[in-house]
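Think of it as A, B, C, D, E and F in the order they're written, each chain with its own count starting at 1.
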Amino acid sequence: MLAAHPDDEVLGMGGTLCLHAGERGDEVRVVCVTDGSSTQYPDDAEIRERKSDEARRAAAVLGVSDYVHLDLPDMRLDTVAHADLNRIVEEHVGEVGPEVVYTAHPDVNRDHRALFDSVAVATRPTPGQPVRRVLTYAPASSTEWTPAATNWFVPNWFVDVTATLERKLEAFACFETERRDYPHPRNDRALRAHAEFYGASVGCEYAEPFVLVRNVEPA
Amino acid sequence: MLAAHPDDEVLGMGGTLCLHAGERGDEVRVVCVTDGSSTQYPDDAEIRERKSDEARRAAAVLGVSDYVHLDLPDMRLDTVAHADLNRIVEEHVGEVGPEVVYTAHPDVNRDHRALFDSVAVATRPTPGQPVRRVLTYAPASSTEWTPAATNWFVPNWFVDVTATLERKLEAFACFETERRDYPHPRNDRALRAHAEFYGASVGCEYAEPFVLVRNVEPA
Amino acid sequence: MLAAHPDDEVLGMGGTLCLHAGERGDEVRVVCVTDGSSTQYPDDAEIRERKSDEARRAAAVLGVSDYVHLDLPDMRLDTVAHADLNRIVEEHVGEVGPEVVYTAHPDVNRDHRALFDSVAVATRPTPGQPVRRVLTYAPASSTEWTPAATNWFVPNWFVDVTATLERKLEAFACFETERRDYPHPRNDRALRAHAEFYGASVGCEYAEPFVLVRNVEPA
Amino acid sequence: MLAAHPDDEVLGMGGTLCLHAGERGDEVRVVCVTDGSSTQYPDDAEIRERKSDEARRAAAVLGVSDYVHLDLPDMRLDTVAHADLNRIVEEHVGEVGPEVVYTAHPDVNRDHRALFDSVAVATRPTPGQPVRRVLTYAPASSTEWTPAATNWFVPNWFVDVTATLERKLEAFACFETERRDYPHPRNDRALRAHAEFYGASVGCEYAEPFVLVRNVEPA
Amino acid sequence: MLAAHPDDEVLGMGGTLCLHAGERGDEVRVVCVTDGSSTQYPDDAEIRERKSDEARRAAAVLGVSDYVHLDLPDMRLDTVAHADLNRIVEEHVGEVGPEVVYTAHPDVNRDHRALFDSVAVATRPTPGQPVRRVLTYAPASSTEWTPAATNWFVPNWFVDVTATLERKLEAFACFETERRDYPHPRNDRALRAHAEFYGASVGCEYAEPFVLVRNVEPA
Amino acid sequence: MLAAHPDDEVLGMGGTLCLHAGERGDEVRVVCVTDGSSTQYPDDAEIRERKSDEARRAAAVLGVSDYVHLDLPDMRLDTVAHADLNRIVEEHVGEVGPEVVYTAHPDVNRDHRALFDSVAVATRPTPGQPVRRVLTYAPASSTEWTPAATNWFVPNWFVDVTATLERKLEAFACFETERRDYPHPRNDRALRAHAEFYGASVGCEYAEPFVLVRNVEPA
């Protein structure tokens, strides 16, 4: 499961993560590829550490212990060579051998697009590829801000997160540096409405939306 | 402003209707083209009347007095000749001479698609056309149920309905025959979450989403 | 599982059907909604019966015993009211309560589009809806003939049918009235190449392609 | 070459028609499938005849002698069964055996969409199909009025009509019943600007735009 | 109002600019982010200055006095880090606090795409965002040259520029370095045909086309 | 005819290349812009040379003698400035003055996308442009691995390669470093199935698929 920035994974799929890691006991690795702070706070090791700490605590709330935080430059993945980001993603796919990969939707945030491009390469369905399913999730305060004509986040995959929504909100509460007052999308009220909107769309109390990129069903 | 079924207009744009009719004093006509009940309750004049009455009361709550309820067959607009539906829409456009036309999004509901096709004809930007702007709204419990690959409701137009959301909920409360328990989309909780979801997406407490079909700005 | 014409289901997903019905022992109903012959052979009860018989034998080869053959007019579903086709599909969904529904892709064949529209209605994700997943399959000699700009069959779901491809070919051999010489798509050589093309695309010997319409994953 | 209404073929591709028929000496048949007047002027044989006469004279100006005018109901092709329209188009394709077929773009005009659907069926690339290329043209005063989100007329095929533009204007002058004053699109000034706009887009004085549906290049 | 190159803003929306700045007296800032010449004429300060001078004179013709010309490398915005271009756009949005932002359409010109990406970031609809509307314009000799399948410039917004078209042509006449003979798109004849084509499409003598990215209507 | 990597041109359009160069005697230049090996084998001149030699031998099998192999970094075209790649493509277009340009489809491989962007610039339909037609081909083991929602390779152009398919397979046999066992797409069985799949789709024994970007037909 891949994120570009600390909090992407909670905002976009905290409830689903908690289902996998907490409820079902699946083996889950979260890899956050950027430091998450260097553009806004250049050379500030303390804030970098703080964000990493928040992300780790949030992951723990969701039942995820394998959290990897890399140090690529935040909001500047366009300055990293595509082949170099590919190699990083491929290494993690190679180590874990996951059946399912989730990545942030390629939206208004160019880091999300760079990461998506590398996930697309690392999960190509060659013979022997362990990954059988790729899904994109929608990090709140990003996907919905994408210009309409370039926004293809029209979800075709929904996960009922009624059992884990409260844990998602608790996990997001760890991100003190990222919370903003409503009507910003990053707070309890907006996240709950997000889950209700998609939940009521598909007949369950709370849901998280995804776009399926590819699924290969073995014989 | 056009609806295929009684309640479309409230579910999709009750807050915006109330802004136009109640707050701004714009001249507003709502035309509902089908009886709204004949497929589910054939030959039941009572239920037909009841739905019409609900719709009229809801309109009144929103400040709309010019409510026209026609009798085309509900869920069977595909059996009405396109040219005949065109003529009806053209008559109302001709009578009112509106600057703005709203119509239900052409979604999973084929009545909405038939109506959209006729609105597209009736609002063609010929010289002398009074209509300068056409927008589609998303009737809750319809647009979000559209198969993803055919769903182009990615809104590019948002109206802040913070001032009128409570009136929208009050108006929808008139539709006793149409309310369903949450997590169905037709009830207070789901409608409020819908408005919060779109509101938080664009920085206001409550919002309604639309897709702009065409806008012609005069000199 | 829905087909518009006898042989759609074999051409499009015979291998997958056989996996469900033969290998996994899933309960499978195939509903073919048109007579499959009346436009080409009006009022010819014999050919109608023959096609039905072929379809039934093909289904048996795949392990499907619950085959329902209705009598809507072949190549003329556009003349059947949408609400009437909806009702038929809804009845079968109601009786079987399937978790997964497959339907022919809405392609150059308008019967496929009419059926797709009704499946979209009958599988709306309301509370209590048994259907959790909807997929479209590509009937050979139809989907690939769709004009490019209107063809959205870009598959995101693949099933490895290596174990059942020979049974699919055997099943199609039952359709003596439908086979055509290569390079027509309806014969062993073309069907095998089709399965190899999609198989090699996703790393398995033979595969069948689908487009996911919606998946709702329960908690 | 197929048109839904008398004048479609001149407005959309008069210059190209004249190149084929007049300059290159290609064998050209124009088939106009509707009477072109019955919705606006029901049961008015005189106006029907007049339109037919205008169309025939316009065709002659372009060098087309094989002009077929059928009598399907204007603006009501949605009431003709798809299979019946298919048969008509198939008969003409069968008789002429054309290498290239042009049809009106499936735009805001539903007759154009019905005709396009039937052309798509009649030109399916089966073994033995004579048609190797299918293109859609844009009848002025129709395609450009299509709602943006459903308008896929983004041309990928352009024909330099510098040599024949004046003949196109002369041909359109035959349609006295169809001319409208500028800024309506149906007059010399607008048609000339249309040809200049597309011409300057691809480096020639005047051009007509098309969308390629399919081209099959023989060995 | 943002441009990537001197003349983009005149070619794409000179008439609309003149309406805003000249007719309506709106406060307008034009920011051109590249030098406009360095790829074609590296290290040629004179031509750089000349282009800047042309652009300034053209702006003056349109009534725009606040013209800012930056020095990012022409045709090489892909070599500027996205975050750095974001910062520049954000500074101007912050200083001016505009209600409406226009930017070049993300077309075949990669500078236009880089700028669009940064405008999308700088105008995200967060609480407190002054920008309520974002539109893309089509710089002649760029948008129409975009490969069809990647070209989503299907306009849904039109401005009647009948009153200001002559001023637009006069403004473009300032760009002596950029004019090319017809049938190139950069000259009076082609620009006039462009305005007539879009004008006749929506019922006015001359019009300029736009794509609406987002509009948020306050209560 | 442009390729990003040695073997792209054979995998994607070897049969068509052989028709042009071998059968029809057209003048053909193949330009491969990257070294094809440096990311996987950095600083390995031997493997670089070997790949170049394979490509040259394959070209000879197809009848192509004018094969140009440049040294841009493989899998790293995103690190080459767009303007620099433009210049290279423009030089070759300028030298050869081709009527038709083929380029790899902008798919999951970012080198293909970078090259496509530069081809789009170099073939802009300005007055005097020699290029009249631009097509994209689908290099096997790349285009089919593109995430569905971003994959617009829905072919509208097909070439019957029945006469040259065996030569294509023979040409690909030269690429010893690139062959992989079936069910990988790079071997005889998969390439043959690919050609049969598209062939049976359009009524010929073997075919290669393309997407038309633009065609300008001279008067």
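One rule holds for everything that comes next: contacts are C-beta pairs under 8 Å (C-beta built on N, C-alpha and C of every residue); 3 or more make two chains touch, one makes a residue touch a chain.
Remember, it's a predicted structure, so these values are computed and weren't measured experimentally.
Considering the contact criterion stated above, the chains in touch with subunit C and with subunit E alike are A, B, D, F. In this assembly, the chain whose C-alpha centre lies farthest from subunit F is B.
Note on E-F: its contact pairs, compared by residue number with those of D-E, A-C or A-E, agree for more than half at A-E. Shared residue numbers account for over half of those found at the interface formed by subunit C and subunit F, and the copies are therefore classed as meeting with the same residues. The most distant chain from subunit E is C, comparing centres defined as mean Cα coordinates. Here the spacing of subunit A and subunit F, counted between their Cα centres, is 36 Å.
For this pair, subunit B with subunit F, the centres built from the Cα atoms lie 50 Å apart. Touching of two or more other chains is recorded for residues 125-127, 145, 148-149, 156, 183-184, 201, 203-204, 211, 213-214 of subunit D. In terms of inter-chain touching, the protein chains here follow a pattern that is not a line, ring, star or complete graph. Each chain pair that touches appears in this list: A-B, A-C, A-E, A-F, B-C, B-D, B-E, C-D, C-F, D-E, D-F, E-F.
In the complex of the two chains, the subunit F residues touching subunit C come out as 144-145, 148-149, 151, 154-156, 182-185, 189-190, 192-194, 196-197, 199-201, 203-205, 211. Considering their complex, residues 19, 23, 125-129, 156-164, 201-204, 207, 212-219 of subunit F touch subunit D. Touching subunit E in their complex are the following residues of subunit F: 81-83, 86, 106, 116-117, 120-121, 124-127, 134, 152, 211, 213-214. For subunit C in complex with subunit D, the touching residues are 39, 75-76, 78-79, 108-110, 145-150, 180-181, 183-184.
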